[in-house]
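For reference, the structure I am asking about is given below.
Going by the order they are written in, the chains are A, B, C and D; count residues from 1 in each one.
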C-alpha cells in the first residue's frame, strides 16, 4: 500500500510528500464563509480557532499570550526560555535581535539560570487575564518543572522536544517514562514532536491528549537529516489516531501540526491532511504583540551546543514579491487581531489567517473542521 | 484510470499537472501559419481569435474593450470594479499604482458605492462602438446587477467568482440558484471559475453557454490552498463537456481557461488540453490601451477583507532576461494590436500572441482550434 | 512500452526527459583519453570531431568557419543571414550588439535584400581555404538558393527550419517536396529540426543524409509551446534510424542534436542518447573568431515578425559562479582552438570540449562514438 | 527490481537518487546522544569518528592533518599536490586564492616538478606527531610514488582518481593492475572513486580495504556528464560489499562516501544509505587549520589541461541565509575542533559535525554506526 522505491540495490525508501506539494480540490457545493465553524474542542477546553502559537520567546510575551487567547487561539509559554531567566525580557530580546546573523547572544541568554519564581510570576500574570494557560516543558526537565508551572496556573502542559519518543532510552540515566508521568498529572498533556505512526501511537497509549507532528524547526533537515514530510506524516499520525480510537473504543487524541505552516493555505492543507489544530510560528511574528519585534526564531535556536533554527526577519517569505525590509517594517505594526482576523491588504495568505481558513473550507463546501479532513487532495 | 498516490497511510491524492509541465509534440505534416483559422464561435457570436480579457480594471478602459473587439477578441467589463464607482477612472487608477506594494488604495476604491448610472453610461459607450459587449458580475450581486448591465447593452454575461458552484449553500440566505437565474435571461452566460469535473458539469446543466476553468488569480494557492492544476483541470472539464454533449444529444458548452496563461505557448497548450478559448491577464497589460498603465492586478485584488492577487509591474515575467524596469518602460508604449498580432521584437512569446498560436498549430499540422485539441502532449 | 500518464480525464501525455536529467553511468574498465577516437564520417566526408556549429552569424564569420574546419569540426554558413545582405558584416553585427536587449536591429538587418553575388563571394572565400563547406538554407527558399550556394562551393546542404516536415502543406502554394528536391541534388542534405520519430523517418525516406533533432532555439517553449525534450527525442529518432536502416538494408542516416548542448558533458550525453554528432551554439561564441564578439543569438532571432531566441552575452551560463561581465570579458579573447581542444582553466565543461568528450568516453570505457551510444544512463 | 524508465523508444535509464532527496525516518525509541558511539575500525586502525578529509591542499597543511587525527578523524595528504612541489606552501596557496575566479595559478603551481625529498620530509613531520598517516596517490603515479610515501611514513594508502577501475586499459601503455599492485604492499589500500556496483566489486576483489564512492568533485557533471547519484550509488556499493562478504566468507570492505556531503545531516544520510565513513571537503575548510585560508577546491582543480572543481569561498553554502562575505570571515577563525565537536552557533549543520551525527543517530534510536545503516528512509 505504502509507496516504496528501491533507491539502490536492496535499499528502499518511502515516497513522501510536503504540504507545498498538496493542494485542495473543491468538488462540492460552495458555502458561505459565514457559515463555517472553526471551533476546536480539546479536553475541557474550547477555542474559536484551532490555532496554537509555537512556544518561542520570539512570540510569547505575556501580552501576546493573553491576546492570543482573546483572539480565539491558544498561546503557549516556553518554561525553559527567557521568561524565567531574565527579568528584563525586552532588554534580553533586544540583545538577540541586535545581531540576528549570530545565535551566540541567544545561546548565552539561555545559559542563564532558570528562576522558578520569576517564571511563576509571569505565568500567574497570564492566568489572571482569564485566558487558557498552556506551558511547554522539555522531556528532560518535565519532572522538575511541571509541578512549578502547574502550581503557577498552567492548564495544559506541552511536553515538546524537536522529536521525542514515549520512552527515551539512556544508559545509566533516569529518562522520562511518559506514561507514568502523565498518569501523575491532573491536566491534559500535549506531547511531541513526532515524525511517524509508531511513535505517535506510543504517545497516545502513554495518555497524551494531543500529539504534535513535526519538529517545529525549519533547519532540522540540515542538522540531523530528519526532514519531516508534513503531508505524509500528518496523514500517518491521523491513521494512528484512528487506530487508537478503535483500540480504545472512543478515545480521540488530537493532532497538532508544527512545521512548514506559513499561510492560511498551509493551515487549511494541514487540516485537510488530518490535523485537528496547527502550531504557528513566523507568521504570528508579524503581530506587534510578538516578542521578537521584527524577528522570529524557534525555541530550539537557543540550544547552547546544538542550536537549530535561524533568527529570521519577519516577512522574509515575501522577499520575492516585496523588498523584505519595507515589508517587515510594515508588518510589525499590525495587531495580532489583524493577523488572525483581518482586515487584510495581503494577498499571499499571511494576514486574516482565520478568514483564509474559513474561505478555503467554504469554497470546498465544508462547514466544520472534522469533516474538512476528508476534502479531496491533489499533488504535483 | 486516474493516477492516485497514497500520500500517507489511508490518505490519497490525485497526481495533477500544470500547463508549464506540458509541451506540444508535432507529429504531422507542418502547415503554413497563413492557412490556420483561429475563428471562435460561441452562441450567436463569432470572434477571429479565442482570446478574452480578464475582467479587471487593470485592463478594461472603454478604449481597451473597444480595441479588444476590433482586434478580434472579446474584452470583458467588470461591473463591480471601478467603472461604476469613480467618474475619474484615470485618477482612481493613478492612486492604485502610486504605491503598488500596498493593496489598501485599491481596496478603498472598491469600497465606494456602485453608481449604476455611471456604470451603464460607460457600458453604453462601448456598445455604441459596435463591438460585442461582455460584462462580468459576481454570483453575489448577479440578480441585482444583471438587469442593469443587460439594459445598458451587455450581450454576454460573465458570472464569475474565483471559484463558484452551481448551487451555493448559505444558512438563512438566498444564494443564487444559477439554473433558475440563467433561465430568466435572454443572453448567454459564461460562468466560473471551476476547478473540477463535477462542478463544471453542474454549471453546464444549469444552462451556462461557457464554463471558466481556473480562478484567474495567481495567489489563490497561498490564501486558500486551492491551486488549480490547469492542464489537468482543463482536461477534466473537457471530459465534462463531452459527457454533457452526449447527455444532451448535442449541446456544446465552451471551456475558457483563466489561469497561468502568460505567453502564446500557454495559449496553445491550454487549447491543446481542451480549452475552446483562453482568458488573458498580465500579458494584455503590455498594451498602451490597458487601464493599469504599467501594472496589472486581477479583479479580486480589491476585495475589502480578503484580497487575492498582487499588483505586479508589467513585464515582471521577463525579469530574468531583461531588467524589469526597462522592459516595462518599453512595453507600455505598445498597442494592443502589436501585442495580439505583432510585429514582434519579443522572443519569449509575449507579443504577437495570435501569430504564436497560429505558428504552434501550423508546426503541429493543425488548421482549426477544435482539431488542435487532439495534438500530442508530452510532460516532464 | 512508452510511458504515458493521464494528465486529466481521458487525456494522455507522454513522460519525456531532458539532457540535464540524464547522467552517464561508468560500469566498464576505464580507458585512456588518448586511445579515444572521435572521428565522424558522414557521406564522403570525415571529421576529427562530431561537432557542428549552429548556422548563425553570431558564430559564422569566414574566419570562424575556416578555423572550425581546421580544428576538426564542421562550420555551417547561414545563406539567409547577414553574409549576403551586408558587405560591412562587422558593422552590421556591431549594430546588433549595441543594444542586445532589443531584437529590432537584428530584425531590420535581416530585412535587407539578399545579394546572391555577395553571398557567393563569401562562400567561395571559405571554399578556397580547403575546409569542407556547409551552407544552411530554409525550406522556404531552398529551391531558389540551393543552386546558388552549391555553385559557390557548398559541399553539404543544411535544410533547416526550427521544426520542419518532409512534406509541408500549404493551400494554394507550392511548398517544398523534400524527397523530390533532394533527388535533384548532387550533394548530401542534412535536414531538420525534428521533434519526433515519425517526421524523422519521413525525412530519412526523403533521402536526407542526416537529420537534425531539436529546434536549435532555447525559447521555442515560450513562443509555440514545443519544448523538445532532447534526451527522449534523440532516442526516438535513433529508433527511426535503426528502423530505416533495417527497412533499407543498410542506409545509415546521421542524427545531429541541436538544442540544450552547452558543455562537454552535454555533448557526451547527446551521443549517449543516440546522436552521431552535435550542433553547438553559445559555447562556441566564446571564441575570438566568432562573429558575435561577446554575444550569441540563434539564426531565428532575426525573423521579422516572429523572432525566437534572445541575444545573450557569452558566458551567461556561468553567472551563478562567476560574474558574467568578467567571465564574458575573459572568454572572448580565447581562440576556437582553446574552446575545442584546450588547455582549459574552466572547470565547468565549457572549454576543451573535445577533451571533455574524450574523457567522458574513456571514463566509461569506450573508444569510439558508435559504441558509446550504448553507455549506461541514469536519470533523476 | 531496479527501477528503469524508457526515456525514448528502446532506450532505458535507471532512476537514481541524490542524498538531498533522502531523509531519515525516526521510528524507534530515542536515545541520548551521549550513548552514541561513532567509533570506526578499519584494518588495524581505530578512529573516534568515521570522518576523513578530502586529499586537497585547500585542507591539508601538516597542522591540519595532525589536528584532524587529534580530533578523532583521518586527514589525507595528497602526494601529488603542492606539498612536494613548493617549499613555501603558504606562499603558493596565497597565489591560488589571490584570484579565485581563475584556476590558472593553481594549474601552474601543479606543473612544478615533484620533489620527493620535500614531500617525504613533510609526511615525516606528520608521522612524528603520532597520528595515523594517510597519503593519496593517483593510479597513474601509484607505482612510482607509493614506495616513497610508505617509506616516509604512510600507514594507509589512498589510490584515488575522480573515477577509476580495477584494470585501466591503455593501448601500448602499462597501466596499473590494482590487484597485482595491492598484493605487493604491506599497508591497507583505499581505492576509488567508483560510481557503480561492478567497479566496486572489482576493487574489492583487487584487495582494497576500502572503496571510495563518488568523484569528490562537484563539477564532474558539467565536464564529463557523470554525475554520481550518491544515495543510489552508496546503496549499490553497499550491496557489492555484502556480496563480496558472502563470496569471501567474511572479508568486510569499507565504503567511504566522497561527494555532496556538506552538513552533519549529509554525513548521517550517507551512513544511512550504507557508507562506513565519509570524506569531507568544503565543510572542513571552515577550520583555521585548513590550508585554503577561506577557500576550498578539490585536488582535481589543478589539473593542467582538464581541471574539474572550482575555487569556492568558504561558507558559500550559507549564501541564501547570511551574506557569504561576513559568514566566510566569521568562519575561518574557527578551530577544527569547533567544526567537528562544537560548541556551535550554526543552525545549519555545518559546525559540530560529530554532534549532529550523534544527534541524528540518537533521535532515530541507534547507538552504533553499523546498525544505523538500517534506519528508515524517505524520499521526496
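As a working rule, a contact is a pair of C-beta atoms (placed from the backbone, for glycine too) under 8 Å apart; a residue touches a chain by one contact, two chains touch by 3 or more.
Keep in mind it's a predicted model, so treat the numbers as computed, not measured.
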item	value
Chain C against chain B, contact positions shared by both copies (same if over half, else different)	different
Angle, in degrees to the nearest 5, of the Cα rotation that carries chain C onto chain D	90
Distance between the centres, which are taken as Cα means, of chain B and chain A, whole angstrom	39
Computed distance of Cα centres, chain D from chain B, in Å	55
Contacts with 2+ other chains: residues of chain B	15-17, 197, 232
Chain A residues touching chain D - in the complex, by the definition given at the top	5-18, 101-104, 107, 162-171, 173, 175, 195-199, 219, 221-229, 232, 301, 304-310
Contact set on chain C toward chain D in their complex	1-3, 15-17, 22-32, 34-35, 197, 231-236, 238-239, 242, 263-266, 268-269, 272-274, 321-322, 326-327, 330, 342-350, 352, 355-356, 359-360, 363-365, 376-380
